[in-house]
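Scrolling down, you'll hit the structures one after another.
Heads up, the next two complexes both have chain A, just with different partners, chain B and then chain C.
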Partner chain A sequence: MSSVEMKNITKMYDKVTVLKDLNLKIDDQEFFVLLGPSGSGKSTTLNTMAGLDTPTSGNILFDSEDVTYFDPNKRGVAMVFQDYALYPHMNVYKNMAFPLKMKRYKNDYINKKINEVANILGIKELLKRLPRELSGGQAQRVALGRALVRDPKIFLLDEPLSNLDAKIRSQIRNELKLIHNDLKKTFVYVTHDQQEAMYLGDRVGILNDGVIQQVGTPQEVYSHPKNLFVAKFLGEPEINIFELDKNDGGFKIGGVPVDGHNFDKLNKITIGIRPENILLEKKSERDMPLKIVIRAKEFTGSGFIIIASTDEGKEIRIISDQANMDVGDLITAYIDYEHAILFDEQGDSINK
Partner chain B sequence: MIKIKLRFIVVYLILTLLALAFLIPFIWLVVESFSPLNNIGFTIPSTFTLAPFEHVLTNSTFIRSIYMGLIQSLGATFLSIIFAVGPAYVFSRKSFKFKTTLLLGVLLLTGFPVFSLLVPTFIFFIDTGLYNTVIGVILFLGVLNLPIDIWIMKNSFDQIPKSIERASIVDGAGTLKSLIYIFIPLSLPIMAVLIILNFVINWGNFYVPFILLSSSHLLPISVRIYSFFGAFSVRYNELAALSIIYTIPAVVLYIFAQKYMIKALSGGIKG
Partner chain C sequence: MLKAAKKKFNMQNLIYLVFIPTFIYLGIFFLYPIYLSIKYSFTNISLTDIGNYTYLGFLNYHNLFTSGTFINSIYTTVIFLVVSAIIGQMFLGIVVAYLLSVTQKYFRLIITSIILVAWATPQVTAGIMWYSTLSYIPSGTVNVFLGYFGIHSINFLSTHLALMSIIIANVWLGLGFSVLIFSSGISGISPSIMKASRIDGANPFTRFFRIVIPLLKKSIITDLLLITLFTLGAFTLVYVMTGGGPVNSTNIMTIYQYRTGFSLFSLGLANAIGVIIIVLALAISILYLISLRGD
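Now for the complex of A and B:
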């Protein structure tokens, strides 16, 4: 059992506030992903959980026990770092043995445990090598191994895959998911890669400028972003954004009025439409036609990304299974209004 | 073409002469140390003999001075290395008030003419009973090298990535264990260099034992060599033999730690 709760955490370095009144609840056995751009405070959040940093104010609870001022080694957490942080002067075996040695386990147990974990991670042949003799993927496996042998209550992972090439990244990502399913432990995983976050997370917390923007399942945060930042940060290619000014008492895209009942008080709205929600064929009565000129087609393997521009010269992106049109063609696409996301002037999402 | 060649020849000639100027005293030292006593001055002796070495190495006073030299220099070396580790770690890893000021203070002390403290120390040592004791010399020599040791060790610790330290802390090592298992092993090349540097400086130090010791049985080799000159007739061949013996520990240490020296001077710690 290990849930994590961060209550009103504020962290300041000198006069710079890095985390602003951050609240998070991570459930036992959950795979929680903290997602945010560089400098948003992800590592700082993780470090305060680990006890490597102390919050300026606020409390951290593990299973409702206040651990805010506990030393790292009293917290029962294991951590994996972006740059692997293997001890350069110890071979793989000794690296993995280190946390167990610190806990004064017997050599027999250490040996057994390391072999067990080395088998799971497929690093048995590497045990005698020094870190500098390992490839990036191997080094990260060893770093994972060093965390796994410890049997901690909580795993903290700080961008563990971001230094790896795409193929090994997805491979270890899959393994991580399986390991989490097997171990049934709480994982807190930090990344700036939204795809990784959606793939791995039971829930995802999006962080920007030290403020949690939204927490939810990948589907929730993708389909129902609370604000423009979340909407734009998730999804590849990026969501299509239409900023609309009030005209004749209503809003229009490509000359077609946007229907909605509570626009009265608003002077400006922003509509976000994911690339897969712009259709090449009309599907429902509410779909809104949009005249576009095809600018480029990109083949992605499973389909196409179509880059086009509207009458007003706005560039939009469409994901489509097929693309039997040519660059330069003038066609009518349809906005799937059902899936359009509306935001007010402040960028907060509003109901249709 | 010829001009260039000529320049080469001139340059090499000058360099050779310079090298000779440095080498001649050493050559003379070696030759003299294998000469019989009657061979005075810069001449080739009629016969070579091991007698000067034999005499020096069987003379209990000289043996004792070598022994004293070793104890005092090694003692002071380990004293300052051990006491440098803590401050070096704190300066490298912790932030606190006046850190920069203190650090600059340490840096300043590395160039401070500490010998100017010898007189007050002398009086202090007499008052506290440390005068004319081996411990007293070790303490003073140890403190002498402390600032430079702290400074170099701090720079070495600075190169250890923060995440490695953090990993060790999360893995359950406290500050002390992190020092013992991570920082010190990773700084081993620098430590080796520091040990040699300290030893050679201490071994060659003349003033400190000369002023802080009075009993002749405590005098290290550096002071003992000097005492030759006070004798009625200087035995140059024995002086030469003792001088050669005097240089041996430094040379041996340099050879022994060459590997580390190269490592330490060519780039520090890498993963």
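Now for the complex of A and C:
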């Protein structure tokens, strides 16, 4: 049993505020992903959870026990780092034994535990090797093993897959998911890779500039982003954005008014539409037409990414499973009103 | 292709030309003096009559190793080396560098500067300073201080305490160098390794002995090598503070050599001592380098 709660956490280095009044509740056995661009404060958040850093103000609760000023080793957490952080002078076996030795476990137990974990991770042949004799993927498996042998209450992972090549990355990513399913422990996973976040997370928290932007399931944050930042950060290719000024008391695209109430007080709105929600055929009367010129077609294996520009010269991207047009063609595409996301001038999403 | 290879070969030969002045320089100012030193160590050459000397074979060496003063001098040198360099500067240097690495940035800067000032102090200045700090008659700073607390003056430069005093002075003088070497060694340890060890439950003490020290092995050997050579060659500080006395209690080999050469004018004997110092330094250096070869 281990839930994590961060209450009003603020962290300052000298005079720079890195985390601003951060609140976060992570459930027991949840796979929680903290997602954000570089420098947004992800590692700082994780370090304060681990006890490697203390917050300037605010509290951290594990299962409603206040651990804000606990030492890392009193918190029962294990951590995996981007650069593996294996002890260079110890072989794999000794690396994995280190946390257990610190806890004064008997050698028999240590031996049994390491073999058990080494089997799960397929690193049994590596036990005698030194870290410098391992490939990146092997090293990260060992680091994972060092975390697993401890039976921690909470796993903290700071971009563990970032240094690996694509193939190994997806392989270990899958294993991680399976391990989580087996262990039923709480995982907090930090990444800047939105695809990884969507794939792994039961829930995803998006962090920008030390402020949590939104927390939700991958589907929620993808389909119902709370603000423009979240909308733009998630999804590949990036969401298409149209900024509209008020005209004749309303907003229009291609002559079709944008349906919606609550527009009275707004002078400007922004429409976000995901590439897969731009249609090549009209579906409803409320869909808004775009006159576009095809610039390029990219085959992705399962479909196409069409790059086109509107008559205002704006570049847009469309995902479509068919592409029976050629570069240079002039066609009309439609913004699927049902899936369009509206934002006010501050970039916060608004109801239609 | 053959042509290209030939051209490369010529280029490589040219590079050796660049080194010729260096070789000549080393030959004249380094190897030849050592050759002379070894040669004279087998003679009875004297400072009073440099032109005339005869070969004595190993007599100088024999005389040295049967002389109580010389054996005592080796003994003093080894104690001076082990306590002031290996234990004092090296071990204390690691501890100080480790403590500094976990303290605040500005504090670290201030302490490092203070320690480095000591290292940058000319040895004569340092010697005079330490002499006036430890002096018995007239009372030096420490004894004046002890006087305030009603404690009797202590003769820090007496036969019993002089060796300890020069050891402390030499640690003071050389600590900065070791701290600098180890600070850069510690900053080369990945921060995530230190973090991982904290997460894994290592307390600062365990972390120091099981993570920091093993990872500093290269710095340790480099430091040991250099400070051993510095300390074997130490002269000025000790000469200013004690002149090798009282009663030979701080008569390290370099001082013994200097006195033999310039008080007894016996250059042959002095050169023999010099050769022994060089052999000792070489032997220790090779020992260190071998222990590095493991990785």
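By definition in this document, the second predicted complex is superposed on the first by the 352 of 352 C-alpha atoms of A that agree within 3 Å, B and C clash if a C-alpha of one lies under 4 Å from a C-alpha of the other, contacts with A are read in each partner's own complex, and residues count from 1 in each chain.
Convention: a residue touches a chain if its C-beta (ideal position, glycine included) is under 8 Å from a C-beta of that chain, and two chains touch if they have at least 3 such contacts.
From a predicted model like this one, the values you see are computed outputs, not experimental measurements.
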item	value
Clash or fit (per the criteria above) of chain B with chain C on chain A	clash
Contacts of A:Lys103 with chain B and chain C, given as first, second, both or neither	both
Chain B versus chain C as contact partner of A:Tyr87, first or second or both or neither	both
Contacts of A:Asn73 with chain B and chain C, given as first, second, both or neither	both
Touching partner for A:Met49 - first (chain B), second (chain C), both, neither	neither
Intersection of chain A interface sets (partners chain B, chain C)	47, 50-52, 71-73, 77-79, 81-83, 85-89, 98-99, 102-103, 146, 150
Interfacial residue positions of chain B with respect to chain A in the complex	161, 163-164, 166-174, 177, 181-182, 185-186, 269-271
Residues of chain A that touch chain C when the two form their complex	47, 50-52, 71-73, 77-79, 81-83, 85-89, 98-99, 102-103, 146, 150
Contact set on chain C toward chain A in their complex	190, 192-193, 195-203, 206, 211, 214-215, 217
Of chain A, residues touching chain B in the complex	47, 50-52, 71-73, 77-79, 81-83, 85-89, 98-99, 102-103, 131-132, 146, 150
